[in-house]
Amino acid sequence: MNTSKVNIKDLKLWYGESEALHGIDIEFSEKRVTALIGPSGCGKSTLLRCLNRMNDRIPGCRIEGQILLDGDDIYAPEVDVVQLRTHVGMVFQKPNPFPKSIYENVAYAPRIHGLAGSGSDMDELVETALRRASIWKEVKDKLHTPGTALSGGQQQRLCIARTIAVQPNVILMDEPCSALDPIATAKIEELIDELKREFTIIMVTHSMQQAARISDQTAFFYMGDLIEFGETGTIFTQPEKQQTEDYITGRFG
Amino acid sequence: MNNSTQPNNFISDEKKLRQKRRERADSRFHWYGLTALGLALAFLVFFFVDIIGQAVPAFYQTEVKVNIHYVEAAKTNYNKAVDHKLRRVVSRAWLRTLPVYLKRHPELIGNNIKQWVPADSRVDQYIKQHNGHGLKSKYQRIVDAMAEEGRIRQVFNIRFFTSGDSKLPENAGIFSAAVGSIFTLLITMLIAVPIGVMTAIYLEEFSEDNHFTRIIEVNINNLAAIPSILYGLLGLAIFINFAGVPRSSALAGGLTLALMTLPIIIIATRAALQSVPSSIREAAFGLGASRWQTTWHHVLPLAMPGILTGSIIGLAQAMGETAPLLIVGMVAYVPDAPDNILEAATVLPAQIYTWAGESLRAYEERTAAAILVLLTVLLSLNGLAVYLRKHFERRW
Amino acid sequence: MPQHTIKRFDEELDKLKELVLSMGGLVERAIGHAVKSMLDQDEALAKKTIERDKAINALEVQCDEMTRDILVRRQPAAGDLRFIMGIIKVVTDLERMGDLSAGIAEGTLRSLEHPPKEFSNLSTMGKKVQKQVNRTLNAFSRGDTELAMRVIEKDERIDVLYKRMYRELLTYMIEDPRDITASIILSNVAKNLERISDHATNISEMLIYIERGHDIRHVDHEAAAKLLSGEEI
Amino acid sequence: MAFWMGRGKALSFETDDVRLHSRPGFYGLYAVSWIALPALAVSLLFSIAHIFNLFTVPAPMLLATTLGLGSAGLWFALSHINANFRARQAVEKVMRGLLFTAAAISILTTIGIVLSVVFESVRFFKVIPIWDFITGTQWQPDTAFLIGAGRTNESVAPPLFGSLPIFAGTFMITLIAMLVAVPIGLFAAIYMSEYASHNARGHLKPMLEILAGIPTVVYGFFAAITISPLIVNIAHTFGLEADYTNALAPGLIMGIMIIPFISSLSDDVIRAVPQSLRDGSLALGTTKAETIRHIVLPAALPGIVSACLLAISRAIGETMIVVMAAGLRPNLTANPLEGMTTVTVKIVEALTGDQEFDSAFTLSAFALGLVLLIATLILNIISIMVVRKFRQQYE
């Protein structure tokens, strides 16, 4: 019923000498929200950052195995990392709008990638992106004020708008709500629910309630291993593995 | 615009062209940085090679083996001690010491001794094959002949370190300048370090955040940026013209440099005090310690390495400074080392400046040599500071 | 199962389970007393039983409050979630069982005017139902799914017993119309007992869901057993 | 000694169940401050009097006064000490006063600089109209000492103090220095902060900072002896005529001297740009260079601008390099191969000769110093404000 978008096969990852991921096999379905949960240091963020190769920036980081995006290995030598990242966008834990105007924040990447010329084309693109990130109404009258002047939740939605303006296939979210208040969080969650119609969303979250609320599938990681992966409803009512059960019921350590 | 996501083209040909251009721009940017760094470092290497290349010959002095006639007449006219044709070959500075020497050793009179004596600076330069040695061709032939007979050698130039400035290059050394530097630096240190550290402690630990404190803060930042030559003007106007400190004295120079170094030490000390986490202060206050006890027992010991490092760097900078000393007259010709801080003195950088202005070729290599000495001292001081910082560095 | 990181959560769950078990204890005693009051035609005991049903109702309210609190504050998941869901149902079942016991005691009071000649199998049935309830509570307190499975299997026998008794009472009524009132009362009592047994079955099924996560409420026994044993392997 | 006496007296109280208010040591310090401060004050007073030639006190008398005052202070202090006396507060007050005095010295220094420069400048502007000074294009002060000596002679041409060519020279050399330092310093900073590994950066930065540690007189020597002839030779091969005192050599060397100011400060501000901004940009599929150009540099711009301003103020105030390598003749030209002079050169020239202190020529140094002071202060204040704004953005 769901076609697989990202397919990870026996992925191992080392930071220098220490192995951070011990052979992960997982398939992320297209246009669904997958939540990666697990205690800190379990490798979920590491895995997420593998998907758009943000780990390349870390010295001493080594990878084995395959990550297939629509069947193409993203770690193949001929792959251009920069182009890859236009297909796999990322939203970060702390909202990080550029110190530019709201308009420029969104227009920056499309301009660099030549997705739209300047003028009305770009205006349209920016508006669409902002609309899809459900922040258009709040910012349409102040497009040229700095993005950093927005509230935390608005900033995060601006970052999402910035990401979807490049038209990625997959959006990675690394604890997108951890710096936000509950109302801003609810707005982002509502937005994620909207966005999954078009994008494959993979998110890391520390809030199990959040994972339960918005994800279709949930993967539980522990100590660099994928312990359990399945439909969110199942994981949260009757997980198969004792470790998962212990983690989500708060019986850990 | 379309709402569908783009196809996966991260390995397709579609955008290859644009992509290629961006990749090239990317690597070009990387290269700019590397080139800039390379240029700066290449200059550093070129600079040191050049200075060392120029300086090394100055550490060697040419000596000639000549017959010295210890005759009575030499007591009054030292030129009589050597053969006429060798008068321009033997160092005049050495010859000038003969009459005194003879008076002390009258038993030598009447002897004719073949011995090694320092050569004239022109001969020295000629032997070292420097352009512009200034040796007349007549003497060149004599020297060449002597060289063939093995009557010319090069020895380590101990005089460079033991004598003061001289109008005769073969006799010019850095001793008096070094002593002047030490005097000046001592004064600078004794004034700038205590006042600087106390100011920093006051600002960091005792002052309330009021108008006056803020004025002092802005003021110190400004002082650090004021060109050093203006401190020279200050020294000239206040210390020399107003307070009557003798011109050219180590005291005038030291005071001027102290004022110049003050902001550096204050800023470094404040940084060191700031890096002591406030939790330590709170802990001490929590135990009922007074502000003074807290500072004296807890904060200062922890900030000490930073204060030391800052002071060393500030003093090193003062040691290399010339411009303000020019203004307070510390560039005078001072052949003898000063005995006290009120006597006319010169310092190493000023000596370098004076020598650099001399026209004789022999001074050029001595300048370079003095520079090498100065750089060695300064780099060692800075190295010491870096070592102290690394060694005592504390992570909170 | 390891402890929760938040120890209060463990304490609350334990407290809740205790509460449910003590409620079960009250229910068990109420059944015994109710049946005994009927058999002995003991008016005082019957009244006492009816009176004591209030205590069961109060416990139900207390349990509900606790589950609500836990839901709000701990947001239970997985096993904890199933446990809380189970408790909500179990408590309702227990309360119903208490009501049914009180119903039996009321039957006793009514039967005082029309004393039955014959109690038929009531004594046996009462004991068997009591046994069912007792097993259920034991299974619940120990988390013993096998025992719970036995309860589910044995429920059929109670049904058989009830049907047999019902036919017997019908015969009495046909034989002697004067006995009709008494027989109806008795048949109601039997019906109540049968329903109590049903509730015990419900609780056992809930227990299996709590422990195993399988809902076997509307499948037949063999399938349920297979489901369970399938998981055992 | 006073310390032990004070401490001893204080301790003697502690026997009979009375708890001292402060630690015994404080009583000692209290006594010390009462003995030292009056003595010091007297000596200072006398030495100042001595320096100003007001009156000179014979040494024995000085010693006696000092000792007398000291012992009076000690007696006073000891008589004060008892168990309830708050010695700690008293000592801390004294210490605080001392520290405050030290802090005030920085203010005095500034006032000193400003006053010394302003006073003499005012004297200068009494002789030479300020307007002529700022706008004049001829600097011919040679005859000024005659006026100073009161020998105003009709046949002698009046001295001219038009500082425009001097400012132009300063500007030209500063410009050359910045043309060298800004690109090299900035790109070096970018390389160090964005491309180099942590380890490499740890080595590169101190190496660059060696450039800032070399005394300026050394740079001056290097510029005059090595670079100037080099430039003349190179210019010659291109068929150009270059002075040995050309502006290019000191400009180039000054630029190199300034590189570490720009590179170190810029490196710091570039690294202060939050990593999350870089991640955010890279995650949008931009190349590293694009991220640096469009995101990192604009964010760090205020800091970089302020680094450049500081560098400029450094360059215009730099003395030794230009004194040794640039010319003495004021020259209003745009050709960097010609000799030209700077403000600092003229200050040094005016003050190192054996000039009368009253001559307008000597005083012109202070007028030029005033200009230098104002320029540096303005640059510095702007740069502080820019940096403060930058800080606010990320804190």
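Which chain is which? They are A, B, C and D, in the order written, and residues in each are numbered from 1.
As a working rule, a contact is a pair of C-beta atoms (placed from the backbone, for glycine too) under 8 Å apart; a residue touches a chain by one contact, two chains touch by 3 or more.
The model shown is predicted, which means the values in this text are computed figures rather than measured ones.
S.K.: State the pair with the higher C-beta contact count; candidates are A-B and B-D.
M.R.: When B-D is set beside A-B, the one with more contacts is B-D.
S.K.: Among all other chains, pick the one whose mean CA position is farthest from the mean CA position of subunit D.
M.R.: C
S.K.: Can you give the whole-Å distance between the Cα centres of subunit B and subunit C?
M.R.: 99
S.K.: Centroid of subunit A to centroid of subunit B, CA atoms only: how many Å?
M.R.: Here the centre of subunit B sits 58 Å away from the centre of subunit A.
S.K.: Using CA atom averages as chain centres, what separation in Å is found between subunit B and subunit D?
M.R.: 18
S.K.: Taking each chain's centre as the mean position of its Cα atoms, how many Å separate subunit C from subunit D?
M.R.: For subunit C versus subunit D, the centre distance works out to 93 Å.
S.K.: Where in subunit C do residues touch at least two different other chains?
M.R.: In subunit C, no residue touches at least two other chains, as defined above.
S.K.: Which parts of subunit A, given as residue numbers and ranges, touch two or more other chains?
M.R.: 82-84, 86-87, 112-113 - these are the residues of subunit A that touch more than one other chain.
S.K.: Tell me, which residues of subunit B touch at least two other chains?
M.R.: 22-23
S.K.: In the complex, go through subunit D and note every residue touching subunit A.
M.R.: 197, 274, 276-277, 279-287, 290, 294-295, 298-299, 393
S.K.: Over in the complex, which subunit B residues touch subunit A? Could you list them?
M.R.: Those in contact with subunit A are residues 1, 3-6, 8-11, 15, 18-19, 22-23.
S.K.: Looking at the complex, which residues from subunit D come into contact with subunit B?
M.R.: 51-53, 88, 91-92, 95-96, 98-100, 102-107, 109-110, 112-113, 116-117, 119-120, 183-188, 190-192, 194-195, 204, 206-208, 210-211, 213-218, 220-222, 224-226, 256, 259, 263, 287-290, 292-293, 310, 313-314, 316-320, 323-324, 344, 347-348, 351-352, 357, 365-366, 369, 372-373, 376-377, 379-381, 384
S.K.: For subunit A, which residues count as touching subunit D in their complex?
M.R.: Listed in rising order, the residues of subunit A that touch subunit D are 52, 54, 57, 59, 82-87, 89-92, 94, 96-100, 108-109, 112-113, 148, 159, 162-163, 166, 172.
S.K.: Please output the residues of subunit A touching subunit B within their complex, sorted ascending.
M.R.: These residues of subunit A touch subunit B: 69-70, 72, 74, 76, 78-80, 82-84, 86-87, 112-114, 116, 121, 124-125, 128, 167-169, 198-199.
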